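First up is the structure itself, then whatever we jot down about it.
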Amino acid sequence: MNISGMGKNRLEAFSDGVLAIIITIMVLELKVPHATDLGALLPVYPVFLSYILSFIYLGIYWNNHHHMLHTVRHVTGGILWANLHLLFWLSLVPFVTGWMGENNFARGPVAFYGLNMLMAAIAYYILQQQIIASQGPESILARAIGHDWKGRISPVLYALSIIFAFWSQWVSMGIYALVALIWLIPDRRIERLLTGSDE
Amino acid sequence: MNISGMGKNRLEAFSDGVLAIIITIMVLELKVPHATDLGALLPVYPVFLSYILSFIYLGIYWNNHHHMLHTVRHVTGGILWANLHLLFWLSLVPFVTGWMGENNFARGPVAFYGLNMLMAAIAYYILQQQIIASQGPESILARAIGHDWKGRISPVLYALSIIFAFWSQWVSMGIYALVALIWLIPDRRIERLLTGSDE
Amino acid sequence: MNISGMGKNRLEAFSDGVLAIIITIMVLELKVPHATDLGALLPVYPVFLSYILSFIYLGIYWNNHHHMLHTVRHVTGGILWANLHLLFWLSLVPFVTGWMGENNFARGPVAFYGLNMLMAAIAYYILQQQIIASQGPESILARAIGHDWKGRISPVLYALSIIFAFWSQWVSMGIYALVALIWLIPDRRIERLLTGSDE
Amino acid sequence: MNISGMGKNRLEAFSDGVLAIIITIMVLELKVPHATDLGALLPVYPVFLSYILSFIYLGIYWNNHHHMLHTVRHVTGGILWANLHLLFWLSLVPFVTGWMGENNFARGPVAFYGLNMLMAAIAYYILQQQIIASQGPESILARAIGHDWKGRISPVLYALSIIFAFWSQWVSMGIYALVALIWLIPDRRIERLLTGSDE
């Protein structure tokens, strides 16, 4: 039994716990309507659409986080705090989701949603760099993300969607959907490299 | 140490976390009454009945999910996303439970409850197919569910209950109770096959 | 790797998750006061006292649950459902705690709190019997609880406190505190027997 | 398989679960604004600042808790209850954070925040002593914290901030920020000692 492995397990368990709670308490923003006909659900639909979007985003983060942490061998203080920093921005997702949904995709909340996602993307990048730094020059993660165009294009798209929100929030929403689509396929390069090194 | 085993553990841990949170935050829909006599609990009873029903349903899903994932050897991207899709519909259970309970089993919410359960049943079926596909022709899960009449009859019963809700919600509620009873016995066939293959 | 061990781990993880959530979301019943002097906390104090009591009760349940499940070797369907039944009554603790606290220990809510605890104690007993039944005549748990006076006296005390609540709620509260004190010491007999059998 | 190791894993898992929930449900105190311009976020900013502070504090506790439990070999009843006692005070963090934030850092809530942190620090100290007592004279933890100036100065700083709050809450807030900064660097001494003893 080795000390870094243990630390990694608790880091994964804690992150999984936080992500599981974030993804689940979002449902508390879906306020139960007081009317009983199906039409009563109409005002809930923007919150519901935001809920779906954020659910997918958090699913993507959980998935990529899982693949990335898989390559960690030694949990340093830097990795630990970079991870908490990422969880911080993700923990705000229920708030920005609720604000965007309850105000029917008004421009301010839509831009703010993008800002939160931009900060999360930057936090994810910092965590990636901390892991690479801890692995040294022959880093398995560094090789895996060598051509990480997804990781590079996402913050740019978020920044664009923040700007576009003040002109048309629907362009921003389209960009959010696009980013989700881009990421929906897990980064198989890490998986392939890891499997390759196991054989 | 093998990569798929690790992934499976995190998938189980994350799913367990989400299911544990869903089953527990439902209690937040039970609003604390302001009066202090036991009669003050009277308006709470439909929410309480809905709570019991959903608690049993989620317990059944957790139980069956546990048995099904037990047969997984390699977590593919398809399994991962099919699992998140299932968790999505289950995450809405506190919402539909609250809507149904707070409106004293009105027809619209009762039908919507059935719709949510139908979507969850379909999501469960998709997850099952993804696991079978990943296991190839000699799939242990495919053999186990060879005569899975429960899995086949449940969506039909949910669909019926949605239709019946517009005529009498109590018929629908009876169907929901029936489905719960059918599933209350865990699927021992998977357990038997697995135990058999261990001996 | 054996199938029952795996099942036990997931059962423990799920139960721990549910208990951790129950014990934590109780804090959401502590409504943030709008005034800013320390006197503003005065109306919160009954909720706070109820919170402390329930926190200790849930801690005791977690602790005893942990020791009891330690003796389980094979998770049967009966154990699984008896465990969910126990979690059901414990999941209502935030509700009964909030009702009792927000109404300044009125008699109805105090009696109802006892009723919930009585049901949880009965559910705990059923789970114990399911585990003993699964272990057969040489059950390690059966020997450990051979003289389980705590487990036998607690339901009696809860029943008494329900009756007394209609005469004086403070007697009931005293009984609740007494039960907590009795249980605060973990059941070392199980621990001793297990340690003994390991040596 | 040994009984103390098992107990330690469940203690860690339960503590991680509770800490993950506490750190995440704090976001529920960030009430979604009804206006849609970015100015609508202005009243939320004190809650947001409190949120950041408490997020960092809880991250620090999780981190230090993780390092401290790493040295535990045998979970005694004393450790178990000292741990629950610590979790109790930490579970109140969302409440004191919400009270402080929603009242724009008024003096009463700021002092109360310090009081809660003081109690948590004392609970942490008691847990430390329980672990040291269980490890005997050659305690690895006792050696590691031999010159634990952080652990000794924190309660003093909290006590000072409680007193200062009645004169100027900003001095108190400065002290809270200072304590966070002091602790932000994980206690590498434990890590170093453990790594040293592994080599």
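Labels A, B, C and D are assigned to the chains in the order they are written; within every chain, residues are numbered from 1.
Heads up, the rule we're going with is that contacts are C-beta pairs under 8 Å (C-beta built on N, C-alpha and C of every residue); 3 or more make two chains touch, one makes a residue touch a chain.
Just so it is clear, the structure is predicted and the values come from calculations on it, not from any experiment.
Homomeric contact subunit A/subunit B: same residue numbering on both sides for under half of the interface positions.
When the CA atoms of subunit A are superposed on those of subunit D, the rotation angle is 90 degrees to the nearest 5. Of all chains, the one whose CA centroid is most distant from that of subunit D is B.
Averaged Cα coordinates give subunit B a centre that lies 26 Å from the centre of subunit C. Rounded to whole angstrom, the centroid-to-centroid distance between subunit A and subunit C, based on C-alpha atoms, equals 37 Å.
Counting partner chains per residue, subunit A shows two or more touched chains at residues 13, 17, 21, 25, 28. The touching residues of subunit C, counted against subunit B in their complex, run 2-3, 6-7, 10, 13-14, 17-18, 21-22, 25, 28-29, 77, 80-81, 84, 87-88, 91-92, 94-95, 98-99, 102-103, 106-109, 111-112. Those residues of subunit A that touch subunit B in the complex are listed here as 12-13, 16-17, 19-21, 23-28, 30, 32-34, 36-38, 40-41, 52, 55, 59, 62-63, 66, 70, 184-186, 188, 191, 194-195, 198.
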